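Here come two complexes built around chain A, the first alongside chain B, the second alongside chain C.
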Partner chain A sequence: MSESSERVSNESLGEVLAGDGALRTRSLWKDAIGRLLRNRLSIIGLIITVLLLISALFGPYIAPYSYTEQDLLNVAKMPSPDHWLGTDEIGRDLFSRVLWGARTATLVAIFTTFISVIIGVIVGAIAGYGGALADNITGRIIDIVMSVPGLLLAALIAVSIKEPVVSWAENVYDTTGFPLFADTTWLDLLVVFGGLAFVSWPGYARLIRGQIFSLREEQYIEAAKSVGVSELKIALRHLLPNAIGPVIVTLTFSFSSAMVLESSLSYLGIGVQPPQASWGNMIASNIGSWSYRPWLVAVPALTLAFVTLGINFLGDGLNDALNPRSKRSI
Partner chain B sequence: MFIYTLKRLAVAVPTFIAVLLITFTLTVISPFDPVAMMMTQFEGTLDTLAKEEVIERIRDQYGLNDSYWVQFTRWIGRLMQGDLGISINGQRNVLRMIVKTFPISFQLGLAGAVVTTILGIPLGCIAALKQNTWLDYTIVGGTLGFRTVPVFVLAPLLLVLFVLVLDIMRVPRGWDGLFQSKVLLPVFILALGPLPVVVRQTRAAVLEVFSMDYVRTAKMKGLHMWRIIIRHILRNALIPVVTTLGFIAEGLIVGSIFLDSIFAIPGFGGVAEAGFRGFDYPVIMGVTMVSAVMIILTNLIVDLVYPFLDPRIKIE
Partner chain C sequence: MRQWHLRFAISALLLLTVVLGACAAPAAPAPADSGAAMADEGEMMGRPLPDDAAEEQVIRYVARGFGRLNPAAEGGFGRFIIAHMFMPFFLRDADHNLSPWLATGIDANDDQTVYTIHIHPDAVWNDGSPVLAREAKEYWEYGLHPEKCAGCYLALFTGFDLIDGAQAVIDGEAEEISGVVAVDDKTLQVTLSTSDPLFPQRVALFDTGFVKVEDITGEGFSATAETRVNGPFMLQDWDVDEQKFEIVQNPMWWGDKKPFIERIIATPSADENISFIMWQNDEVDIAFFLTNVREQLEEGTFTVIPYATNLFYTFWAGVEPIDDVNVRRALVHAVDWRPAISAAWEGTRDDRFMSTLLTPELQCYKEGNWPDFGFDPELARAELAASKYGGPEDLPMIRISTGGQSPNYIRTAEIMVEQWKNNLGITNVEIRPGWLDVWGQDADLVNIRRQSLGAILPDPPNFLAGHWNNYGNAEKAGSVADDAELADMINALKGMSRDDPEFCAKVQEAEARMLSHYPIIPMIWDPYGYSVKPHIKNFGTNVDNNWATLLDIYVAEK
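After this line comes the complex of A and B, so read on.
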């Protein structure tokens, strides 16, 4: 594996050295995709991630049963042709619930990542461009958020804001009849997004700040400045394309950690509430009976383990592919 | 050194105060109402009008109608005296709950940290010495891959594997002291969490030291490889590993939240889990603050000890 990637970097070095544009040119992205597909682990990761996204999008249509449908004649049964992965303690089809759980996990991960990237980019940009004082203040805030274990802080936030948010929504529904608030189960998700986003943005803020600081010293930025290119244009044309690699890699990793945090909250009974399916609450409701109904715990646990491993493999592969110079620099 | 210590303290103390502020604000927002809790004992004895008046009086008496900042300072004052409040479920003293369970978790955590170090440093060394070989990729990729697989996934899977499939152990439950075989699995699971950080840090440090002149000299002298590693490389490479202590502490705390109930260990994490499950705000607040204190303290100790370990760090 190392030989092949070495050969690749030599090859691209050769292209650069040869210099005249007539040479076979490959774009940065094609290069990266090539490197990604040459890595066996990242292909496995890619397959798992694609499977996850398919189950999240089409899961409810693929699932043979609904996530609440009970088959009372077949309670806590081992896998069978009727129920591919068996049924749970109150007769719900495990395979269907795992598929619905994929939707929950993906939804939370996407929204959490999205919200925390936005906060992170804004704070990071303030730190990077706002001068020493702004940098100091944002740095302190990040330190504070990071000094409490992420899970504890997210749980504390979710526990504290949940009832106020729900009762506010119910009030709004009572007074205005706003149809969106008729059902408050989706607010569970919203509360989880909030808590998780609050603990995950500091990573992005640090990354963006670091990128701004390190790229600013680069000669091409200096060159652009000296010929009078505006700050905004430099940020968009030079900083952004160069920073995008590390950002994509971080995105992948925090996608999987958001997923894990969601299932942790749901495991603790704070996140997604039953009967909604989340891998976390599926594990939690069966953990006490692992010794006589092991598959009820093993199925959601293995799913979660494989999905996080797969996404992390993909992240690793992307890291090698997008930042070839920092090959395995840890 | 004195000024350096002061400076570090000047960072740690405001951080802790900010954590207190966040915790306090969140509980102010939260639906937790201590008065409503007290009122449950009068259930059925008072009519609605009298009840309202009693509630109002209790609120006045306990200063719950005071401004946010007055309440915050009073709360800090109570914290200083070690008063973390009374739990909602079971009406127990939160501080006593934590003090009672903490030693168990501390022993487990310490054992976990030792196992992480014992596993992580050799693995990191091997990965560095075999840099860019399949062994390196397996170690780094393997531990990296596992970095986000949570305890409540690993624990039941390993239980099923060891107890049901392989049938090599009995169900490990409870706590009879650290030197019992049933502690093996919980400690191992705890140790897996922070392992990748230790492996990565060791690997990077060894790689850095590896290119130093004195290592090359030692090699040229024909010293045996392992002797070089132990005498020359490890000594210097271990210093940066100390900085991972904060991560290790966090990993152990979060790990024990899930581990304690699965293995029926009466520890700190079990108190935290029960607190979250029961929406027991005083317990949740207490647990969060104690965890934050642990992490801030660990980082402070690392900061203070580090200059002694690595004289290149200038104390200003």
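After this line comes the complex of A and C, so read on.
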């Protein structure tokens, strides 16, 4: 093997020779993080996302009031030291409800995105690496699933599938006393947003399939094949890790889309039901008074917009960091 | 050149002949089935428009939704127009005064047990056939029969059970109402089982207008463009599936006064906020039910329907745990209602808190005529403990349907749920904003339902009868009590003179007795209303939600 081909091979393994002749490791991920942290908008997005996650995780401990606690003598109050963002029309603390709404939005977004990614990656890998027949079959399945409108599906699930599932859970609780089913609110969310996740995965599947088609022509895959590495090992060790960058980028955008979708469904009365706090149902509840109590609509709406924007900034930053060539080409 | 002159002269002569012929020839008679097509082509036959009228006389109307259009089944949003398609005998104005409508007059015998109604001699259906007295009788027999007209309101709203033989039809035991006789083609005689001074008001209700029974097709009949009408307007489209609702003039309208309005385009909108946005964007001329945003409307655009409606949550006592009166009592006593309603309605209805059933607009109204009503958490806890469920732990789930997406209803539900939690320890409660359909297969398990009931016949006994029909009917799942004595009290009130010095005391006694069963969770008495843009002139409504002045309404230039 010549010296030049040796160096190329080392680079592909993430190693370069430093000026002093020592071998210094430079991983793809370290590079990406470096690029991410040099991007100001990404940092803003990262901060917003971290704040969101903290709110979601610790919101109930940070919130000064319960999301249902009402003070009927102090309704629709402007922001004050007691109520930082004011109170809603039935005297609930708006700041506390925004924090609880963050938990709802994040839970739904994580849940929906997680299921979508898992299904999408598996189907995409099968399509990309399973041969022409597998590609054809999965391609048709993807076409069918992509033709299902998400909002309509959620409405359909809400009125058809959700009830039997919830009734079943209640029966289980009645007969067994199993505490998990004492409160079925989470089951509502699981069914509606789980259903949404089942129509959201084709994007990931197509992405992974495309990546695999492109990566499997790479020299290092050829090399792995030539030394007898098994197909499964190639897929798991080489193809998926190299294809995952674009998936992470898409995932962040999907995450913010899922939050908007949750708010939309709750606004329409299909998603999170009152008195649970959701930014969507907070907007719906106050939209009629936007002209004279604008803060009641503005607080949840701006929070949603702010968080969505932040996550999208982070997604853009990740895109630039993980696919630096794509930015240059633009 | 001369040839050209000749040709020109002949052409001019021919043209002149055609023009003069078109102007002088009488209009061709309309084919019997061509009404919709004529209206479509803009061949209107309305009377001369006022000077400030717009060129296009079209009203764009939005309401919460439109159901089946059938007078006997009409309980909601077709009311604005139905009396102008299927005419009742009389039409009420805002002050409940009657004007002749399909009938020219009504005579009563001395003891007001026999009424004779005279149908207008010119009245015809839009196919040109005469409107006959027997057609009213046939339709009422259809509308009152529980199997022929399932889910209809004719018996509930009209008080027609007072007609001789009507109760047997209402019970499904007879086909014919013996007390209604078509004396001739244009005369209908109605014999009552008891004296009733209100009968002329009853035959002014929108439910009593009639469809030709041969046009009634199948169960759940709803009028279509093919259904014959006898009023000044007819359907072009009334399609719930397609969500198309258009009404046009009836070219065969026989009345002396022709309408100005050529067409009404109705749009359903389940969400009041969306209706309000349509209103703000000038996409509609008239909106129904912008009650909750009334304070934001431009001054002078809200026309109140001149009667108040009870807005409340009904305890659906056929479903556990609401079947137990102690649970119902506990749920009512555990909530501090006045501040709750004030908050839920943003302080705009503080003086309209529903402290009893009769509204302040009705005769015999007595504020707070509800035994033991009031916020008392200790009493509530004792009542819950005394129920067969023994306390909150074993209480089956309470499901609340808010009956629409109105934030006011949702807030009321949220407040009561929170106070039940704090004061009774009840946590097994679920709220769903919307109508029963949002519950899917669990709709039958919903045990607290938001409802409303208005006094369309502004009369206390009829109003109480309407309520009791909801709660005291043992065949209905919502029934709270089998109180035959109360039913007798209400029936006795119907035949009483409204001027009897004992009348109001007896009304209040019946009202208090009904409320002692704790059939409802109170909200407010609220007058509904139409929001009408200033360019819609002469708009007026009556207690039926009917556009009572429709023949005089016109669209002015903006």
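By our rule, the second predicted complex is superposed on the first by the 300 of 330 C-alpha atoms of A that agree within 3 Å, B and C clash if a C-alpha of one lies under 4 Å from a C-alpha of the other, contacts with A are read in each partner's own complex, and residues count from 1 in each chain.
One rule holds for everything that comes next: contacts are C-beta pairs under 8 Å (C-beta built on N, C-alpha and C of every residue); 3 or more make two chains touch, one makes a residue touch a chain.
Everything quoted here is computed from the prediction, not taken from an experiment.
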Combined model on chain A where chain B meets chain C, clash or fit: clash
Partner chain in contact with A:Glu89 - chain B first, chain C second, else both or neither: second
Partner chain in contact with A:Val172 - chain B first, chain C second, else both or neither: neither
Touching partner for A:Ser147 - first (chain B), second (chain C), both, neither: first
Which superposed partner A:Gly269 touches (first chain B, second chain C, both, neither): both
Touched partner set for A:Ala305, first chain B, second chain C, both or neither: first
Partner touching more residues of chain A, whether chain B or chain C: B
Touched partner set for A:Glu163, first chain B, second chain C, both or neither: both
Partner chain(s) touched by A:Ala284 [first = chain B, second = chain C, both, neither]: both
Touching partner for A:Leu72 - first (chain B), second (chain C), both, neither: second
Overlap of the chain B and chain C footprints on chain A, listed as residue numbers: 159-160, 163-164, 167, 269, 284, 287, 291
Complex contacts: residues of chain C adjacent to chain A: 272-273, 276, 292-293, 296, 336, 339-340, 342-344, 346, 397, 405, 407, 410-411, 413-415, 417-418, 421, 427, 430-434, 437-442
Interface residues, chain A side, partner chain B - complex: 1-2, 41, 140, 143-144, 147-153, 155-157, 159-161, 163-164, 167, 253, 256-257, 260, 263-264, 267-270, 280, 283-284, 287, 290-291, 294, 297-298, 301-302, 304-305, 308-309, 312-313, 316, 328, 330
Contact footprint of chain C on chain A as seen in their complex: 68-70, 72-73, 75-76, 89-91, 158-160, 162-164, 166-167, 170, 183, 269, 273-275, 284-289, 291-292
Chain B residues within the chain A interface of the complex: 11, 14-16, 18-19, 22-23, 26-27, 29-31, 132-134, 136-137, 140-141, 144-150, 152-154, 156-157, 159-160, 163-164, 171, 200, 203-204, 250, 253-254, 257-258, 262, 272-273, 276-277, 279, 281, 284-285, 287-288, 291-292, 295-296, 299
